[in-house]
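Pasting the structures in now, so scroll down.
Here subunit A shows up in two complexes: once beside subunit B, once beside subunit C.
Up next is the complex of A and B:
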């Protein structure tokens, strides 16, 4: 039964519409003479001729207006999507218009207004989705649809003249490499941390003394600042290789992939092992007592009762570790570990903002994707009904 | 037959259970009753070795519980606890089938047994088999808990405050169900409770525990009429003792020839209920019938005589 809302307008919709109009007043795109210098801002209606800007701005306006509706959330969702399409339209027509006659080295980039509006429309979309509360499979479907549309947009070449894609175009091979490196660091370290952390968590759950010894150590590791942690790895692994020369043969060295990987594993141990302990401890005491009384061995209790009941909490720990590692892996770029961090630090050195973004944006996208994917998995494992109310 | 032979449990030198011996006959219910800290739960848990006895021995049908591995022993003994302990991620059928699964029964055999037990507990198998515990009421969860404990046709069923979490009306029904099912299956049950009323209603034998010792073990009538100590007398509840005693006997025991006015009572009615009826309707005697045939009457004087304690 849909609840009849008495409100005339959606309160978050009103807030987002006001913010949306305000961000249209900020520069939508910037034009710079080259990739280093700061650019000059252009408002959304200035980026191209009126025949191009009008439809784009109209789409954004309709999107914000539909967001005001107090119900019909499908319509609000469609409106937000329409607004985003309008934004892409403005970018794709603004770029060639601004570059026209601006010189060979000139660069166009999305401006502050674009980024603000992007966040606002994304929030509007999220708000509408919250009301629709799609099931886990529908969410995966939506996520894949968004990814598909993004891929089509980027491959169509409509945005190819934007500075960030120019940076990409001159580093295609390196970008692909960095992507694999980044995924390898994030998922590889998660796999390793799972292989170590899950048995460690199970042991800590079983033995209180071990638990009191291990968890504080892991949480101490977690407090080491990431830059310091990566820094410590360099002399540590350097010493290791000097003592065990054989290690060098399998690719271990003071700088590069190995220290970055090791640091990420250490960081993930607390969320993984800690959540294993918390998940196993969440098993109702009466269920364990009954299982013991019916003659289940310790292994049977673990596999049939404790692990299945703790699974959502354990997976939530893996989710935290994965999202954290995707972000932290950027720092790996600093010690030669590769990944998107390499672009970020190159960009910082060259003061080339768009090169920084070439590293930062995929990292953010990857983290969001991982978080949403893991959320769905966590939800699917909660298949047993909660308390009926 | 279950023989408990001088069994003790020491914690840091203090005896939680102190050299308790008793014999439990097959196909009877023994209610172990005591205050909290009396050692009654420890005694129960030593039988399936959830607590290892410090000394002494338990024999089930002559075989020492030490002669088999712990988990093998526990699979032979049903175990039901107060907060039912159902596995929230298992359906009702899987919960009930837990021990048969551990014992390696075939799927068909388990399914048949689950349905049989659900029927026995008046729960429509079609309707309940695939539900999860969270979807059941408290009384239904408790019934599934007991059904699970009975699933592998155990030699012995241990119950630790099985009805403690139920409200009075549901509890009375659960007790009647247990009595009926125990009679049907001929199960041997040992049940721990802190409620003397429950012990008297359910137990063929009542064992009273105090400070780790077994202070009295006998029929409910013996416990009420000849309490072995002041403690037991307190437990059976001073002023209510005659009424509790009357609740143990049916009208049929006191039937005499003669006539009485008013509505007849069934011969299975307890003397306590009959007395209550007399007081309420202002009669000195009630007619008694069995299966619609008049047997005679029971007088209030006869009931009063039955309730008299030893002088």
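Up next is the complex of A and C:
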């Protein structure tokens, strides 16, 4: 497919460069008198003295310019990374300069221009990466490298004066708690859904009538809006507790963790069970025939042929369920189930932007991380049978 | 089949009764209300909340459909093909963004009210439609395309008379996914002061009034299930009309 390799410039690169320059004209950082009021915007070249802003802006400009290249995608990738480094540099030098003499309660935050530029450079990176199409192991390496750099940047204290990190600093313990709670909700419900959904999917694969009855019910469950589902779980579990008093002793209650957990399990059943059915159905008829010819029993065929061959599809279902659970676990914050959602809704109540971000940004990061990680795992399981065949 | 139709009609009637005559159900919700608390939500009429909920979803989904299909047409033309890998990446990564987080992130940018909800619904709604429109437009049967070229149709005629109609069932699947997500996200929109049915659930959660929670949850749930079902029926009808052969295979892939 000749994708105009003769072009002088990369068309996406041109679009992103134009958008990038436009977003430099938007406020890069904002300075507010306290954590509630709206701030005053400062453009990238106004956030600090020229000796600090010039190198940062230069790095961003080089990144956008290198993005214009129609080939040499390694160079485009490096350029985008350089641009991101420039952005971090601007933030770390802008924060103390803006806060200087602004009062004890003053807060600096990244502004609209920062967020737009961040998205643009990330897209530039993604565009370069799609052309390089690294293998699964290279992707894991790259992901770990990015995580490491982020960890170093956040731990170095260079950004510690930013508003969202101040918000974090004042609730470190609560944040750690929320993280574990969020992970517990997302991964715990996935484990539970796998324990139920995989046998259910195998049964549904074997019996057509069961399949025709179960899958539509599960997809209707999936359409119920999350808030309604979480809400309906409360009286349901409350009733359960009142009927089985023993349930309360093991920590099940009408509000909090239990209803959120249950709602997430119900939502993940469709992707898990549905993909088990789809994965098992994707086994080539010739493979089953051969197994039957070798005298394998139905159980042996399932364990040695159908499940291994269907594994990539089954894992893809787990990926969908996990990413979905990480997002939906935010709603748990509304019914006292904890997790990052608690920060989001507390922040919405107090109109405290930083608190909203403190809940929303880790959720997004976690979802992206889970998606990329699971993609690699799916690809690794997919690669093996092809190599041996 | 007849049983299904009967069941569907019953659910529609139940939903209408719940929305228009909520007081008919006082007996059903009373056991869940706290002592001497209200049983039926009366701060706003359920009908007006339903209408504003649905119009928010309709507006966002219509805008998302128009923009997403236009963009998908652009990137599947030869001139826009350079943007295809990038747009695939955007849809893949974008859909891992939790809808709630998109809503929460819209608030700092746009403030409270229906505005951020509408923008979040629109932005998030773009992705499934765009993805399916690209799939639909780029997996058309080559023989049909060849035939269209053979009988001398121009680019424009091919797009309007062959490509879009053939891709429509797949696009519709994307619209259905998008509408279902929008209905759910609009419910949460009431936490940012958009007036939607989520208001009833939230009010119930805040005052420990399970009757409100059930009432709001039931209405929203019924709306979602019935709209989903109606769109599925529409898809089945359309693919049947287009000839089950090619489009059936396309729809199952999406």
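Methods note: the second predicted complex is superposed on the first by the 379 of 389 C-alpha atoms of A that agree within 3 Å, B and C clash if a C-alpha of one lies under 4 Å from a C-alpha of the other, contacts with A are read in each partner's own complex, and residues count from 1 in each chain.
Note that in this section contacts are C-beta pairs under 8 Å (C-beta built on N, C-alpha and C of every residue); 3 or more make two chains touch, one makes a residue touch a chain.
No experiment lies behind these values; they were computed from the predicted model shown.
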Considering only touches as defined above, state whether A:314 meets subunit B (first), subunit C (second), both or neither. neither
Who wins on subunit A residues touched, subunit B or subunit C? C
Subunit B versus subunit C as contact partner of A:292, first or second or both or neither: first
Is A:123 in contact with subunit B, with subunit C, with both, or with neither (first, second, both, neither)? second
Please indicate which partner A:229 is in contact with in the superposed arrangement: first for subunit B, second for subunit C, both, or neither. second
Which holds for A:31: it touches subunit B only (first), subunit C only (second), both, or neither? neither
After the superposition on A, what does A:10 contact: first (subunit B), second (subunit C), both or neither? second
Report the residues of subunit B in contact with subunit A in the complex, numbered from low to high. 48, 50, 70-75, 79, 81-89, 98-99, 102, 132, 134-135, 145, 148-149, 158
Residue ranges of subunit A touching subunit C (in the complex, touch as defined): 1, 3-4, 7, 10-12, 15, 112, 123, 126-127, 129-131, 220, 222-229, 231-232, 234-235, 238, 323, 326-328, 330-331, 334-335, 341, 344-345, 347-348, 351, 353, 356-357, 359-360, 363-364, 367-368, 370-371
Can you check the complex and tell me which residues of subunit A touch subunit B? 284, 286-287, 289-297, 300, 304-305, 308-309, 384-388
Help me check something: in the complex, which residues belonging to subunit C touch subunit A? 32, 81-83, 85-86, 88-90, 92-93, 96-101, 104-105, 107-109, 112, 180, 183-184, 187-188, 191-192, 198, 201-202, 204-205, 210, 213-214, 216-218, 220-221, 224-225, 228-229
